[in-house]
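Here chain A shows up in two complexes: once beside chain B, once beside chain C.
What follows is the complex of A and B.
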């Protein structure tokens, strides 16, 4: 059985003296993986590497167990939707998908069937016979997604796929990604919209200046960031009392009454000790706790901690 | 069930042969060209010369018409190697204008708009991409050059009879090979320049520049240095000289095809012409190899 992951083994890519990515070791499992990082961090280079469009200067890449030296087999399993809004001139939406399926080697009848399926999956059937040049930005984005997935790839590499989509189309597209991810495909997405990345990703890869600064499930990544105290929101009936008790502990850096007065936002260096402490306070003082939830284990917070607000390494 | 416990099975149905896939590219390019009125008119006009040449062959073999046109004469024009060489010259010049019009639009828009990943992130190599784009020019120029040339050769052989075809097979092979050399040369030039400058009008202008300005520059070198080696920069001289040798024509002042005349005493050795043409093709292939990349590196 083939290896189910996309594996980067100590991969570096330099453009002359300019660094693209450096010493990347990754194993990307099926599901939705988001590439997050500021402009120039190496997201597109990583995507071009895994789609075989560029070769690593050093190291090796295997896509589902296949080395990139076997492009015929690799490209059959990979679908790439680039960030560029480019289409061959004079083609309708149908012709755009159909012609590229023929290029994949599909026979005409099969290409026709797959084209209709792809158009249907992105809700573009009605606009199929219109010229792509006459499409709105959102429609062009959807037809690009359709051509990337029409040949039934196991790996979908999507560079900024949510750009230009209106909220309704965004929601539909995200649902589509989740469906593809749930089918066991690799859906690799780069995006700048961090709250959406948070919503859709099974795992994230954070990049900065060509280096992978973190990877994995976002909660796991957050718990590894030891130098930044965890933020935990405790919803309770006596926030003032709770804040006072928490301040007695060394590991609590900050305890702030929530704006609505119904909870405390705690920053702690030791989340486990905090949870034990909460149990004790409940037992001792009869505090009623409604909810306890981490407040900074999202992509946005991890991005701020690891990469910084300006996109430079924190 | 956890996501990673599932595995997706991609398409595993029948596939078309790999060698045929590059032909998808010309299919849509022709569609696009068909919509251009200028192109349609130009293409129709380019067929006027073969029609006239064909009429001449017909008249030459029709005594009634011949006597009506030129009473007292049995022949209007000699249908020989020189005749077909002129047809090739005329049509090759039309093919050059076609390459300048169609060629730059093949690659430059894809490069300028970062569209190459669209083609190359699939089981489709760079060589197939270039072959696909080039086949547009090859097909169009073949219809303009060697196909009418061979049809007229066949017509002449049929009307002349008496083993004319057998005795003149060298003309047929010269039409075919001579046209192909020219077609390949200007196709490669058009694509390479189009890939290099990425701007359609500039690529078209550059093609004219390479053809005419370089010839002028070569002429200036000849004049200043009192040599003939400047002809190495003159593509029409190089191809004209090769054609003359292929058609086995004697070298005399003004010999060769129309637009591609080679003056006696100006010629350079035939092997130098071949070498120069090969060098131009090699340079074009190098330029294409450098520029046709799935992801362009911008430093």
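What follows is the complex of A and C.
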């Protein structure tokens, strides 16, 4: 039985003297995994490695238990939508998908059926008979997505798949990713749009300068960042009183009244102690708490803490 | 998804995959704006021989002289220039153009053995090259003597003409087979395939002056062995030319095919380890 993960075992890739990625150890489970990092951090290299377009200088990669040296087996189960905005010349959208499905060894009827399904899934049916060269950027992006997923792969690797899409298409595409993730497929996405990554990801892999800086569910990654105090927003009826009580504790680094005057934004080095303290304050002073929620366990905050605003390692 | 696809014996699967790749590649090889100069190489001798037939009507020469002229066109134009450079253009670009146009990854991301991909692309190139140059050689053969009318008809249908035409077609096809394999390999191995193409051209053109043993490590040596009309080298170069016994056809044909298959096999192995790295 094949293993259900994509496994990188101490993988390094160098382009001559230049580092692509170094000492990557990963086990990517099913669901939506986002690769996050600044330009040149190694996102595309990692994607090219897991699809066998390039080979590791050191280490080994297995996709669902299959070694990448056997593309004839791997690519029945893997689809890759690359960042390259290029297409074989002279093909219509339909021919583009259909031709490569035939290369899978499918019979014409099956390839035709899957082509129509793929076109429909990205709302490109009406434009199917037009040349790809005449498509807009967003349409080209959608037809690439359709081609990558037409054969029903269980692993989808998508390099900046939302680039060039209008808001409506972005929303539809994200819904499609979420559907695939919910079906138990591996959906590996790289994106610069952090709030979208935050919305769709089951787990993230943060990369910087070719190294994996952090990986896992975003809340778990955030809790591992010990050197940055956690930000917690407490919605309550007496924010002034609460702020004063919180300041008495050493682990509280900062407590400021929220802009709307209906809560306190607390920065603490010990979230567990803060929660216990809140319980005690409620018991002692009758404070009414409406909500307590972490304010910086999103991808954007973790990215800022670990990689920094300029994309350099923090 | 059709499960029968996964359990199909490889030959059946490969046959379908080869057909699918041919379908896409032939369109690119036969109908490409980039190949305009190959069309010129193809059409050139056809137009010239057709003009000859128009102009030479009733001229003072013989059918045998036309045959000799055609042998010269075939050996010096088709084999050394037209087919050679046509094959450089067609076969070098089977992989290299995909790299330049950043489309090779589409082929590498389908479940096709790289060896099957390389052989399929080679077959597509071969079909295009044979159609272009085999067709051009045959048409030129017909056009150059067409003006002889019934005499040529007699020569063609009841004399040695048809057999000669067959040998020219076979030789042109074998030239495409041989040079095609060589230039498919250089297209995979080298970022700029023109440099190895120039080296191969020099080697092939030095062939008449090479020692007998070295002559055999070339495509042109076997192709010349298949040409029934011997064209001697005249002038000062005749002094340094090395005359060698031509290889008999029963050895030249399978020999050339074998060498071509070995080169093709090596090209397929190289394709297996090829990476997609457009920026390098």
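The definition used in the following text is that the second predicted complex is superposed on the first by the 314 of 314 C-alpha atoms of A that agree within 3 Å, B and C clash if a C-alpha of one lies under 4 Å from a C-alpha of the other, contacts with A are read in each partner's own complex, and residues count from 1 in each chain.
In this text, a residue touches a chain if its C-beta (ideal position, glycine included) is under 8 Å from a C-beta of that chain, and two chains touch if they have at least 3 such contacts.
Note that this is a predicted model, so its numbers are computed, not measured.
Trainee: Quick check on the chain A-based superposition: chain B and chain C, clash or fit?
Mentor: After superposition on chain A, which the two structures share, chain B runs into chain C.
Trainee: I'd like to know which partner A:18 touches here: chain B for first, chain C for second, both or neither.
Mentor: The answer is first: A:18 touches chain B but not chain C.
Trainee: With both structures fitted on chain A, tell me whether chain B or chain C touches more of chain A's residues.
Mentor: B
Trainee: Where does A:242 make contact in the superposed view: on chain B (first), on chain C (second), on both, or on neither?
Mentor: neither
Trainee: Once chain A of both complexes is superposed, is A:151 in touch with chain B (first), chain C (second), both, or neither?
Mentor: A:151: touches chain B and chain C.
Trainee: With the two complexes superposed on chain A, say which partner A:176 touches: chain B (first), chain C (second), both, or neither.
Mentor: neither
Trainee: Between chain B (first) and chain C (second), which does A:266 come into contact with in this model arrangement: first, second, both, or neither?
Mentor: So A:266 meets neither chain B nor chain C here.
Trainee: Considering only the touch criterion stated at the top, classify A:82 as touching first (chain B), second (chain C), both, or neither.
Mentor: both
Trainee: Just chain B (first), just chain C (second), both, or neither: which does A:71 touch?
Mentor: After superposing on A, A:71 lies in contact with both chain B and chain C.
Trainee: After superposition on the shared chain, which partner residues are touched by A:106: those of chain B (first), chain C (second), both, or neither?
Mentor: both
Trainee: Shared contact residues on chain A for chain B and chain C?
Mentor: The answer is residues 15, 48, 51-54, 71-72, 75-76, 78, 80, 82, 84, 86-90, 99-100, 102-107, 110, 114, 147, 151-152 of chain A.
Trainee: Looking at the complex, which residues from chain A come into contact with chain B?
Mentor: Touching chain B: residues 4, 15-16, 18, 29-31, 44, 48, 51-54, 71-72, 75-78, 80, 82, 84, 86-91, 95, 99-100, 102-107, 110, 114, 147, 151-154, 181-185, 202 of chain A.
Trainee: Can you tell me which positions in chain A touch chain C when the two form their complex?
Mentor: Answer in residue numbers: 15, 48, 51-55, 71-76, 78-80, 82, 84, 86-90, 99-100, 102-107, 110, 114, 147-148, 151-152.
Trainee: Per the contact definition, I'd like the list of chain B residues that touch chain A in the complex.
Mentor: 3-11, 13-16, 18, 21, 24, 27-28, 31-32, 35, 109-110, 113-115, 117-125, 293-295, 297, 299
Trainee: In the complex formed with chain A, which residues of chain C make contact?
Mentor: The contact residues of chain C facing chain A are 1-2, 5-6, 8, 13-14, 16-17, 19-21, 23-24, 27-28, 31-32, 101-103, 105-114, 273, 275-278, 280.
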